[in-house]
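As written, the chains take the letters A, B, C and D, and residue 1 is the first residue of each chain.
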Amino acid sequence: MISSRAQIIPRYAETDQMGFVAHASYLPWLEIGRAGLLKEHKMDYRQFQAEGYWMPVLEFGLTFHQPAHYDDALVIVTILANRPSFRIRLDYEIKRDETLLATGFTVQGFVNRLQRPVRPPANFLAALDLHFPRTKETSAIR
Amino acid sequence: MISSRAQIIPRYAETDQMGFVAHASYLPWLEIGRAGLLKEHKMDYRQFQAEGYWMPVLEFGLTFHQPAHYDDALVIVTILANRPSFRIRLDYEIKRDETLLATGFTVQGFVNRLQRPVRPPANFLAALDLHFPRTKETSAIR
Amino acid sequence: MISSRAQIIPRYAETDQMGFVAHASYLPWLEIGRAGLLKEHKMDYRQFQAEGYWMPVLEFGLTFHQPAHYDDALVIVTILANRPSFRIRLDYEIKRDETLLATGFTVQGFVNRLQRPVRPPANFLAALDLHFPRTKETSAIR
Amino acid sequence: MISSRAQIIPRYAETDQMGFVAHASYLPWLEIGRAGLLKEHKMDYRQFQAEGYWMPVLEFGLTFHQPAHYDDALVIVTILANRPSFRIRLDYEIKRDETLLATGFTVQGFVNRLQRPVRPPANFLAALDLHFPRTKETSAIR
């Protein structure tokens, strides 16, 4: 398992008239969380794109426990629990100090510029090897 | 079951650099879908708010099958499959002609201005009575 | 002068915690206004893009007179007052019935896929000819 | 004159299909810039709100010189050039290293919860006194 922490301060534009952060505003935070996780583990999404790989989000979900406010000091914990194969599932916890405000997940795949699903880039797989022992099953997709 | 159809044309600002509509851009469309469903069935969210009720989103999820593009002619089908009690679950289909692009759901609750969960407003329940036969179980929350 | 009217109903996600539509939410409406103006006058931005032209916004401004609310029935009036040459200036009025809520403008240019400024596409100029008599000066840029 | 610097890394959701940061995405960055300027000079917008003051944006403008990209390291320089009276004008520079990407401004006023224009709160005026010598003219609005 690898994980990463990103700090977020909700913007005024991210609130809505209920007086809290709007539910859709959390999604760009998840993207900040996973970009941080990738960078800290030698996987750079900007680099993947330069090499012709996109990582579209195929599925996501969020569950809210407590509201977040403008200017709160929040932390996004991003977790890669299992070695991904063709699809990458990430889990997220949004916290204010020790209070869990929301939990979520995203599923992404790799596609090429023609939007065809492709194997992950070599440097992505190499970085994973450092963190997840390869099994017979995961070796198969190399 | 009651349902509603809303037409959506993706805005340029809703795309991202992959060249498609960004995954987070679908969430405001779901809100348009459910506002339409409520209005068409004599339940007006603006009126609920004026009476002191909010309907925060407690959970949501989306799964993507095909990308949507700037200026596509899309339809959001919003479905209330079962009579809600304290929580309202809505399901959504996002289509371009007969092609299903994405499916999703939201769960909302009613809260008062102090953010305490409350029973739905009387006119909401009355409108539901027109569409969903009340059972012993659902009568209990009146 | 040519102009166009587009109808807008503010989304919940477009409000902020002051209880009104947030100031940044108006900008995507201006884009809807100008896309409508172009289409109604035989100029389709989607087609321009397919031909390799982009129209980046180079400048914009907005002034607010009255707030807009969630679910208001608004109209965006988009005005092309003068025949554009290399730069296209559009003016906008945002109204609720006869009340003027905001006024704004945008300036855009045409660029090619390498982001180099270029002459407008031929069908853009042809469409302009129908609405603006060409003078010696504007003929020069053909 | 007082000023403040805020660091911004453009989010993926802030790009559009032209491949750059969308023009509307800069506005929330200006809000981050001014919130930073206020905090660093003993004026906290969150506190103003708790005391019943809002600061709606009455006018804004932006001019773009160079595009910004996903994941760039940007700086927003926020400048309060003159002591504000009833209206607060702030100027902004958006830079990537020494390259000026965009310049902008906002004008805000103070209103109370009934949306009536009001004098700025006492701690706002007191903080200004530290940075701007009061003249006869500006004293008048105390």
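Side notes on the structure shown:
One rule holds for everything that comes next: contacts are C-beta pairs under 8 Å (C-beta built on N, C-alpha and C of every residue); 3 or more make two chains touch, one makes a residue touch a chain.
Here the structure is a predicted model, which means the values were calculated and not measured.
Of the two chain pairs shown, B-C and C-D, the one joined by more C-beta contacts is C-D. Compared with chain C, the chain whose C-alpha mean position is the greatest distance off is A. Computed centre separation for the pair chain B/chain D is 35 angstrom, with centres defined by C-alpha atoms.
With centres set at the average Cα position, the gap from chain B to chain C is 30 Å. Put simply, the C-alpha centre of chain C and that of chain D have 26 angstrom between them.
The set of chain B residues touching two or more other chains comprises 12-13, 18, 20, 24, 27-28, 70. Those residues of chain D that touch chain C in the complex are listed here as 18, 20, 23-24, 27-28, 54, 56-64, 67, 115. Residues 12-13, 15-20, 22, 24, 70 of chain B are the ones touching chain D in the complex. Interface of chain B with chain C (complex): residues 11-14, 27-28, 31-32, 35, 45-46, 70-71.
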